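See below for the structure under consideration.
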Amino acid sequence: MAITLDQARTIIRAARDKGHELGLKPLSVAVLDAGGNLLAFEREDGAAPGRFAIAHGKAYGAVMLGMPGSAQMARAEAQPYFMAAVNGVYGGQVIPVPGGVLVRDGAGAVIGAVGVTGDTSDNDAAAALAGIAAAELAGEG
Amino acid sequence: MAITLDQARTIIRAARDKGHELGLKPLSVAVLDAGGNLLAFEREDGAAPGRFAIAHGKAYGAVMLGMPGSAQMARAEAQPYFMAAVNGVYGGQVIPVPGGVLVRDGAGAVIGAVGVTGDTSDNDAAAALAGIAAAELAGEG
Amino acid sequence: MAITLDQARTIIRAARDKGHELGLKPLSVAVLDAGGNLLAFEREDGAAPGRFAIAHGKAYGAVMLGMPGSAQMARAEAQPYFMAAVNGVYGGQVIPVPGGVLVRDGAGAVIGAVGVTGDTSDNDAAAALAGIAAAELAGEG
Amino acid sequence: MAITLDQARTIIRAARDKGHELGLKPLSVAVLDAGGNLLAFEREDGAAPGRFAIAHGKAYGAVMLGMPGSAQMARAEAQPYFMAAVNGVYGGQVIPVPGGVLVRDGAGAVIGAVGVTGDTSDNDAAAALAGIAAAELAGEG
């Protein structure tokens, strides 16, 4: 099973709605497929111009490692040289903090990841989870 | 004046609609702001996974050079070493063919670019122009 | 549908057998999934040490562009600056010649690609196609 | 003496068998030659898509430095700036943790390395050592 573009659009729409509901700063939301390739992205008005790379980096690390941002952050705290090295082999594209959330299908298989950036990392993750839930998929943040 | 996210979404929606109307292959559409940074992107179901880099590269070259894809292609035909060198200074991120379309405001200022990929380069450009027109902005393909 | 490791191993085994049967030089065979990520690889004794990058590059370009090596080569002959630019956006990882073969499932969806290198490009492609056929999948070379 | 492809395949087969026997998560196994070039690789079904880069990085650091992952980790703990600098000169390709295991011939010469990833670093190393032993070679983990 793959994330469709319609599902990706639903995820982005609902993550942004969650941000508005919670009064968060402008969010940027990236949805990647199971191979780590970009499906869809939106950056809200008022967000800093470089936010795509951050949103992408949160989602990319999650899907390539099969590990959400919270787990990557724990590993980075315990073994900073390990996550630095991981970034080396992935071309510097990994942002190991919350806001990178795995997307699983009904059988539990990872089918992609969502990266959200703009507010605190925990709020970013909450918005990502809300988006994934709205698409009736399971998120692991 | 800047392209808003709502305008970027309109551009993508209308470019995709044009593709469906013309019976084109699945399209991928990127919208960049005046600084060459990503605002929004969508990849249609059935498109190859690497399409973001192509769509982005068409739009990025257009906005960074202030020159649409058609003009870049003419320059590449006449002076291939020039466009190769341009790609050197832009980190290899430029795809110099039609489908990279400048977006101008009412005063003629470049406020961003749209990159479309998936069908022939000329059809890609036609879809980009239709998207920009739907947002009531001026496109130069 | 995804290529399983067992299928990837069958593809490699049968591609190598085809090479032996045709008396080809030592082959190297890479199998990538639908997202362009490596599933399996083997380099035969006597092959040059750098063959992984060639085999990977043939398969990677095919899956990321949704275009087999033969079609990439035709495009490179017609528009060399285009394939050079494509390589820029894909980090220099594309080898646009025969031997990069798309793998499709029964419904025609691209589920990965095989890259073979070691002999002539056409013989490399023949070995890849034999491998894919042995796994009861459809190849497009 | 060089690792043959048959030996590399035996290493991978036995490392995977060890993983199954111990109930480990899906493993990915890379075998590199004495020059640091890839001989063979397999990623088990269910492993995250980016596992090749991690498995390769564990083996690559081991063979290029002549130092197994456990020794690299000790050095990274003591002098993080040293391993960061090592990664600079090796193009960011080194993952300095257990699971990168040197392969030695009967005379003690390094003839390659094995990188395993998927479970804990120590379990990864145990699987690599089991694989190397099955090929009747000596491993240093």
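Letters A, B, C and D name the chains as they come in the text, with residue numbers starting at 1 for each one.
Quick note on the criterion: a residue touches a chain if its C-beta (ideal position, glycine included) is under 8 Å from a C-beta of that chain, and two chains touch if they have at least 3 such contacts.
All of these numbers come straight from a predicted model, not from anything done at the bench.
Distance from the centre of subunit D peaks at B, each centre being the average of the chain's Cα atoms. If you average the CA atoms of subunit A and of subunit D, the two centres end up 30 Å from each other. Inter-chain centre distance (subunit A to subunit C, centres taken as mean C-alpha positions): 31 Å. Our note on geometry: subunit A versus subunit B, Cα centroid distance of 25 Å, whole angstroms.
For subunit A, residues touching at least two other chains, in rising order: 33-37, 91. Those chain pairs judged to touch are A-B, A-C, A-D, B-C, C-D.
Taken in their complex, subunit B has these residues touching subunit C: 46-50, 53-54, 56-57, 76-77, 80, 83-84, 87, 91-97. If you check the complex, the residues on subunit A that touch subunit B are 4-5, 8-9, 33, 35, 37-45, 49-50, 52. Chain contact summary for the complex, subunit A toward subunit D: residues 34-36, 63-67, 79-82, 84-92, 109-110. By the touch rule above, subunit C contacts subunit A in their complex via residues 33-37, 91.
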